[in-house]
Amino acid sequence: MASRKNVFSIILKVFVYLAMGVTVLSLAGILSYILVNGVKTFKWSLIFGKFSSQNPSMSFAIVTTCVTIFLTLLMAAPLSVFCAVYLTEYAKRGSKIVRYVRLATETLAGIPSIVFGLFGAIFFGTVLGFGYSILTGCFTVAIMLLPVIIRQTEEAIKAVPDLYREGSYGLGASKLRTVFKIVVPSAAPGIVSAIILSMGRIIGETAALIFTLGSVAQLPGSLLDSSRTLAVHMYIATRDGGAAGREVAFLTGTVLVFIIFLMNVAASYIGGKVGKDFEN
Amino acid sequence: MKEKIAEYFFLICSLISIGAVALICFFIFRGAYPAVQTVGLWPFLTGGLWKPTDIPPLFGIFNMIVGSVYVTAGACLIGVPVGVFTAVYMAKYCPQKIYAGMSQLVSLLAGIPSIIYGFFGMMLIVPFIADNFSGNGNSVLAASIVLGVMVLPTIIKVSEVSLKAVPKTYYEGALALGATKEQSIFFVLIPAAKSGILTGIVLGIGRAIGETMAVVMVAGNANILPETIFKSVRTLTANIVLEMGYASGTHFDAIVATGAVLFVFILLLNLVLGVINKGSKTAGT
Amino acid sequence: MNLHYGAFHALHNVNLGIDENEITAFIGPSGCGKSTLLKSLNRMNDLVQTCRITGKITLDGEDIYGNIDVNMLRKRMGMVFQKPNPFPMSIYDNVAYGPRTHGIKKKSELDRIVEESLKNAAIWDEVKDRLKKSALAVSGGQQQRLCIARALAVKPEVLLLDEPTSALDPISTVKIEDLLLELRERYTIVIVTHNMGQAARISDKTAFFLHGEIVESGLTMDIFSNPSDRKTEDYITGRFG
């Protein structure tokens, strides 16, 4: 009996470690493959040079990506934070509004990005008439980010001890003042880390952007121009660019991975501070 | 006064996500309607031919529905065991010292853009399949592998959280009865965390069925019913992204209708999630 | 007055006068309603959705549950909580939070209020060199005095303290008790405590609560030396509670 028990346990243990190994190796494999080849094909001109068919540089895409991040967050972040404030500080617990908003954010969280892309192209692009443009892309991705930021901001606000609220009310502060001077600042690390993570989402997004922001290889002159973010640039290069496109893809991929890595580290560093302030 | 205005302002901000869902439903289903009307719902869903440029054009997405189901099932076959076992590792085996690093690694896996997964699959997995098996490598198998890795972080994170939420006494009780660590984990801990793990898996399925870029780059995208896992396959998502750029008229409506079908799949998955969560709540109290 | 939380009748027919420039102590076992009464004095119970109050509480003859500005009421009634709860900001900003809330913006004015309040709370000498440091970095006893300073900074008339020393060490407790005796000159103080000795040491009047009712109230000396109710005697001599 005892030996059979052992065999069973050993097999399961092997599976656990095997699974962990597969997970680690997948990540390591992808990262090293992209990074090694990215370094091999590294050329400054491909990053900062001017875009041409001879030199499919990503410089314009870097600019577009930055603009897209900024504009999208400008739309999504305040809205999400206010929504989270309402859900946690104002709405009665278990009220209908809370339930419906939660249902809506959960639904949004599950919708595939290509469906967002379809919707964005139809609604912002055609119905509202923004066409293929940075504006259309930003509106579309902003909606995608709502559930991400709302959820995490809610968690961060819920972690703020009631003692702080009572302290503020006890001094005769209004609800609004308590929320914006005490509660939201106390939850700031969590909110900031949510925003950094959503920056990562924007940077990595392709399917929702390709038919909203479009894929024209140009430095956008206005918010109504089409352009490409880095991820879209990488996709188009892979699809249309042949061997030269692959080089561009490796390098763009390297840049993407590098940025995402930095953002993940920053988000977890800042987010890790959340609970600590409240411990004593 | 100021207080009331602020409260209503926040309320309006909260209602925006409800409004967004309503708008998305409205425009996707309204956009899909003309195609369904022209083609007919049944022929659209069960037709095997997709020839938008023929006269008259043919719009049947049966092969793509099956394709989406195939690659999602394939992704589960790979992602579920690896994901759940990795979650067990994270929750019960991972030494304290490397835990932070491991969980950072899982987050990074979640953060890598899908385009990079697709590119990796296209450059390495597809040629590998072409060299060692039949076909040109663009296949159900390639898509399943890529998606299998992509659903890992979702499954790992959700499962790990639910494994850790199981009261310590369950696990310790099992150990105290003389069960080995593995027996305690697999016969006590995992059954207790069942609904959380299922939630993770359903969320993973949602991610797999909705994934676009990575699949398009490795699946071959031929509109056929694949007979083997080495054959090419086209998913619903691929159909949208490949043809949306140039589609017009009924063709465009049919693309939106493809999106609507995908949307319905996701809503059904959400429904399943609701049932799982409700079940766990009643079981828990 | 009566107070209910949902269906739970937390305070029964409480009728009590609190006199100016005295320390009134509420004593009684946990769950007897003493903190609840304290919190209804500055309407902190408003934050509890199911809370319902009947009867009247007046401050200088004015019904505080009538048509008044809650925030102004809370300004007049400074409150200090069981657990020190400085805000996660600097010591200076903590004390300045109240005055800023009530519209004081001028730097020199704020500086003056902060210094005065910290001095009144007997903590100025300990923190004057680190006003810009986080309030969470000082010890628990200092945090609690800082919270008292924060309450004093809005120039209240009444100071409500909810077991202010229960989370503190004996030395910090003594410091706070001394401080309260000094503050009695200028403020009306109500303190909830389950420390019998504390009530006897510092209060002028005492009210003994049991199961949401006031069993006995009056001069502290009388209650502790010659309680008229058997239950009060049992409690203060330590037979229960």
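Each chain carries a letter (A, B and C) given by its place in the written order, and its residues are counted from 1.
As a working rule, a residue touches a chain if its C-beta (ideal position, glycine included) is under 8 Å from a C-beta of that chain, and two chains touch if they have at least 3 such contacts.
What you are looking at is a predicted structure, and each value in this text was computed from that prediction instead of being measured.
If touching chains are joined by edges, the resulting network of the protein chains shown is an open path.
Of the two chain pairs shown, A-C and A-B, the one joined by more C-beta contacts is A-B. Computed centre separation for the pair chain B/chain C is 55 angstrom, with centres defined by C-alpha atoms.
With centres set at the average Cα position, the gap from chain A to chain C is 47 Å.
Chain centres here are Cα averages; for chain A and chain B they lie 17 Å apart. Multi-chain contact residues, meaning those touching two or more other chains, occur in chain A at positions 174.
Counting only residues that touch two or more partner chains, chain B has none.
Listed for chain C are no residues, as none touches two or more other chains. Only residues 5-6, 8-9, 12-13, 15-20, 22-24, 26-27, 29-30, 33-34, 79, 82-83, 85-87, 90-91, 97, 100-101, 104-108, 110-119, 121-123, 127, 143, 146-147, 150, 174-176, 197, 200, 203-207, 210-211, 231, 234-235, 238, 246, 249, 253, 256-257, 260-261, 263-265, 268 of chain A touch chain B when the two sit together in their complex. Taken together, the chain C residues at the contact with chain A in this complex read 42, 44, 47, 49, 71-75, 78-79, 81, 83, 85-89, 97-98, 101-102, 136, 147, 150-151, 154. On the side of chain B, the complex with chain A involves touching residues 2-3, 6-7, 9-11, 13-18, 20-21, 23-24, 27-28, 31, 81-86, 88-90, 93-94, 102, 104-109, 111-120, 122-124, 149, 152, 156, 180-183, 185-186, 203, 206, 209-213, 217, 237, 240-241, 244-245, 255-256, 259, 262-263, 266-267, 269-270, 273. Remark: chain A residues 92-93, 161, 163-174, 177, 181-182, 185-186, 277-278, 280 touch chain C in the complex.
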